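Common to both upcoming complexes is chain A, partnered first by chain B, then by chain C.
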Partner chain A sequence: MSTTALLTTLQFAGVNALFALAIYASLRTGVLSLAPVFFGAVSAFTFGYTAGTVGLSVPLALVVGVGLGAAMGAVTAVLIIRLDSHYLAMATIAMVLIGRVLIINLVEYTGGPTGTLVPGDLGTWAWLIGSLVVACYVMSRLAGSRYGLAADAVREDPAVAQTLAISPRRIQFVGFVISGALGGAAGIFQASFLQYIGPDTFYTHLGFVTLAAVVLGGAFHWAGPVVGAIAFTLLPELLREPMGEYDRVVTGVLLVIIIIYMPRGLVDVRRLRLLRSRGRRRAVDDDATPTPTDRDTTPAQVTT
Partner chain B sequence: MTVLGERDDVTGPSGPAAVDITHLTKAFGGLTAVDDVTISVPERRIHGILGPNGAGKTTVLNMISGFITADSGTIEVFGHDVARMPPFKIARRGVARTYQNIRLFPGMTVLETVVAGAYLQRRSTILSALLLSPAERRERREVREQAAELLDRVGVRADHGTLAETLSYGDQRRVEIARALATNPRVLLLDEPTAGMNDAESEAVGRLLVELQASGLTLILIEHNMRLVEQFCESVTVMSSGAVLAQGAPTWCLEQDDVKEAYFGKRSDAARIATLRRARRGPSGS
Partner chain C sequence: MQLLAQQLVNGIALGSIYALFAVGFALILAKMGILNVAHGTFATWGALASYYLVTERGLSFWVALALGVLLAGALGVAADQLAFEPLRRRGAGVFAPIIASIGIWIVLLTLAEAHAGPTAVSYPAESVPAEPFRFLGLIMLPAQVISVLALVVVVTGVHLLLTRTRFGSAIRAVAVDPRSATIVGVNARRTLIAVAFLAAAIAGLAGILGALSDNNVSATIGEGLLLKGFAAVVVGGYGDIRGAALVGVVIGVLEVMSSQYISSGFRDAITFGVLLVVLVARPQGVFGERQLVRA
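Presenting the complex of A and B:
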């Protein structure tokens, strides 16, 4: 694999990582959603239109695009959050399908079936790494925050979360807004790298690939989607040369192995904590004296 | 259903009602799980709900905390009707609870579990978390310290960094109590808080209840350990098949024939069983 090809792949890995973080943002509130692909499409075409046709400055167009993504996230949440889990997931897939129809028919803004050209100003390493760093910073700050712990609670047991005064709908709404902003940003960077976007740029394939990246990378820590996206964008490309047409077989087998042996993904905080807990317990047991629980039973038996 | 015995010669405080339940009814399909139940628990009282399995005790607790909606009847918490409220709003009115089947959050450490319970007390916004505001960081530190204190108070000695789900059964129950207390409740509902604990541990839970009561809490607990009930509950409601059999002081309630019958079966049954046993033992010689 040539260096240029590797660098291009890495750039797409970075964009996929942003998409994966967008999916993670709603998944951590217990909502499986492919809507980030739709948010990405809306923001990317808006970016193309405002920066290209209207002539807005590129950074301003980026802000407008990301803001619109967040707004779309909010609207989506209001409309579909009341649905039950799998129906909600299906509704977000439907959004991706509807998005394609819209792109094809809004010819004036999107170029219709032929697509449209997008300024490539944001297609640089600095912008990509910068945005990834910002996204990771946001996710890591949220992790221990009031919102973050509430989101974890809602995801693990929404009923119990409610008895802690947490409103699941509200948490999921916020999750959708963050997901919208991240999805919007991912769409804009994708568009800026490709410099051309059409009806098939943001379609179901992108959703499933990034969802797989989240699940395999680890859906319980923000680093999981990033690791997953980079690993599973890079891997097929690296395998292509030595494996020829069998690269997909190898990728598939690897996925199955990960699903079987690491069901919580590559980045699994729970596993680490479990190992650490065991280590501590062993350390405690080593210098343990007879515990009080041992004594509780014996006197009773003696007296009878 | 008729309330067969009701007496209020209880020893505990008897101020205005913290939880006031009237004519509460809930049916699941053809089964009436809770049938016209009326219970009034004054502030700062330790009230027990007793009864054999399937009596509808947990269903009552589930209706107070909003897990399930009553078919009819009212539930007032400090004078506010909560019968049709979603659980998180009831929680905001100061009702917290624990569960018969422990429900801790998988993957969370002991400390995180309790900090998650402090949601209502934390005021910081997402923006303040992102901007590293000093107030948000102070709040993070404070809720962690407070959670550690609560864990000490309920008697969890395990390392706070361990996964809550790996703790012993008793410790998991205590972590659940700490998580409920982190919401800073006025009413605490406990569903079999001592299940799976030995006598010493149960006794410790009993002392904790008294301590919590002294700090101003009203406690309603479902409990099977009669010694604990007689020692710590000031009043009890005995339920059977969804209805209230007796209400009042624990010792008085437990002496009632209907209550004994609900727990141990009819006297005539007992006599028949004894005869059968004797008959079976007879031929083999004893």
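Presenting the complex of A and C:
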């Protein structure tokens, strides 16, 4: 692969990482949602309209788009957060489907089936890396915060979380708002890179592939979605030469294999800790025979 | 009036195909607890296989239909055994099967696109029944009549199977809890394989009839069916396949009527709008029963 092609692919990997973080933001509160794709679509078309047609300054249009994403996240959460897991996932898929119909029919604002051109001012490495760093920083700070711990509890067992005075609905609401803001930002950067968006830019395919990236990377640490998105974007490009049109078959097979054999993904902090403690234990074993209490206190026994 | 009646006929025929697909989709969702995104590709492969058999092997359409349905069923069993069975054995949660089904969907769709190519084709005109029936001034194409008949037969058959036979009781027991079912002497794995086969075979039938009605065999037949079938299952509730089937027919009628009398552009918006409203207002579906489960 040539260097330019690789760089372009890496840029898309960055955008996909933002989308993946958006899905991760709600997944870590125990909600499987494809809504970020819809939020991204609305923000991207709003960005195209405000920055392109109305003539708003680009950074201001970005702020408006991200704010709009967060607001839609909040509204969506109020409406659908009480649904059961399957139904909730379905509702968010339905949102993506409706989004496409809206885009096709609101010709005045979106260009309809032909799509619309978008200013490419944000399609630079500086903006992309800057936003990714900000997003990762926020997610990493959240992970150890009171919110992050509460989110982990809600994800593992909402009933138990409730007995600990955590409101699952409120945690999931916050997750949706973060997811909305990240999805909005991702949509805008996607639009700015492509400089053209149409009804199929933000559709189920994007949602499913991004979800796959989150699972591949690991949905238990903020670095997982980033690693997964980069791997999942690069892999088909690298496979295109040897595999031709079958490159995506490998992606699909890989997805099934990973969910069966590595359900916690590539970035699995628990496994890393486990390996480290095993190494430490082996060092101890050389000195003395292990006692049962040793084994009881290893993190291997801690199930999350 | 004549136009309205004719469009009603067209709507019911279109809706029958959605309903057929929805029945298979609901079976997997209700009895195996899997939201199977790959279900549409079973329909696609059924249609592609039957087209290949008719054009390349020179089989009659009816034989090709039967073989296409069998192939779709076999694909369903393969997907179930290769991807879902290991997850079941590990007791993975509700999300893992969805992810696995996305993987299967990517694989089968890519292979279908590679196999079918970009050009749109249809069954050779001389191989399929084409003489329209006339009844009270209404025109009914053979494909439409076959779709409606297939829906009635499948819904009746599956419903009787589930409610009136020992095997149906076994399926329902496994759906509640495979382990308890095993204790009372049900072979859970065999039962699930049978459900996977049945659901995917019905999807294959829907795909073939959809291709026949549209006069178009392509790699994306299943995608459209998946969206409509999915809407039918959510609105109808997946506890009872009759609800999903009825809503599937209603969606078909709504689509035809709204493109006739409102606007063809908003055809899908109406379907999915109804879907979203029902989800928010009545999440268990119009005909669904509320299930009591621990939070």
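Note that in this section the second predicted complex is superposed on the first by the 260 of 304 C-alpha atoms of A that agree within 3 Å, B and C clash if a C-alpha of one lies under 4 Å from a C-alpha of the other, contacts with A are read in each partner's own complex, and residues count from 1 in each chain.
Note that in this section a residue touches a chain if its C-beta (ideal position, glycine included) is under 8 Å from a C-beta of that chain, and two chains touch if they have at least 3 such contacts.
Since the structure is predicted, the reported quantities are computational estimates derived from the model, not experimental observations.
*Asks:* So in the superposed three-chain picture, is A:211 touching just chain B, just chain C, both, or none of them (first/second/both/neither)?
*Replies:* It touches chain C, and chain B stays clear.
*Asks:* Is A:152 contacted by the first partner chain B, the second partner chain C, both or neither?
*Replies:* First partner only, chain B.
*Asks:* Is A:162 touching the first partner chain B, the second partner chain C, both, or neither of them?
*Replies:* After superposing on A, A:162 lies in contact with both chain B and chain C.
*Asks:* Considering only the touch criterion stated at the top, classify A:87 as touching first (chain B), second (chain C), both, or neither.
*Replies:* A:87 sits against chain C, while chain B stays out of touch.
*Asks:* Touch test for A:203: chain B only (first), chain C only (second), both, or neither?
*Replies:* A:203 sits against neither chain B nor chain C.
*Asks:* Just chain B (first), just chain C (second), both, or neither: which does A:105 touch?
*Replies:* Once the two structures are laid over each other on A, A:105 reaches chain C alone.
*Asks:* Which partner chains sit in contact with A:253 here, chain B, chain C, both or neither? Use first/second/both/neither.
*Replies:* second
*Asks:* Can A:173 be said to touch chain B (first), chain C (second), both, or neither?
*Replies:* neither
*Asks:* Which residues of chain A are in contact with chain B in one complex and with chain C in the other?
*Replies:* Common to the two interfaces on chain A: residues 159, 162.
*Asks:* Quick one: which bits of chain A touch chain B in the complex? Just the residue numbers, please.
*Replies:* Chain A reaches chain B through residues 137-138, 141-142, 144-150, 152-153, 156-157, 159-168, 174, 220, 269-270, 273-274, 276-277, 280-281, 292-293, 296.
*Asks:* Would you pull the chain B residues touching chain A in the complex into a rising list?
*Replies:* Answer in residue numbers: 65-67, 86-88, 90-92, 95-97, 99, 103, 105-109, 112, 115-117, 119-120, 122-124, 126, 129-130, 132, 136, 139-140, 159, 161-163, 166, 179-180, 182-183, 198-200.
*Asks:* Give the list of chain C residues in touch with chain A in this complex.
*Replies:* That would be residues 29, 35, 37, 82-83, 86-87, 90, 92, 94-96, 98-100, 102-108, 110-111, 113-114, 227, 230-231, 234, 265-266, 268-269, 272-273, 275-276, 279-280, 283, 294-295 of chain C.
*Asks:* If you look only at chain A, which of its residues touch chain C in the complex?
*Replies:* Residue list for chain A touching chain C: 32, 79-80, 82-87, 89-91, 93-95, 97-98, 100-102, 104-105, 158-159, 162, 208, 211-212, 215, 245-246, 248-249, 251-256, 259-260, 263.
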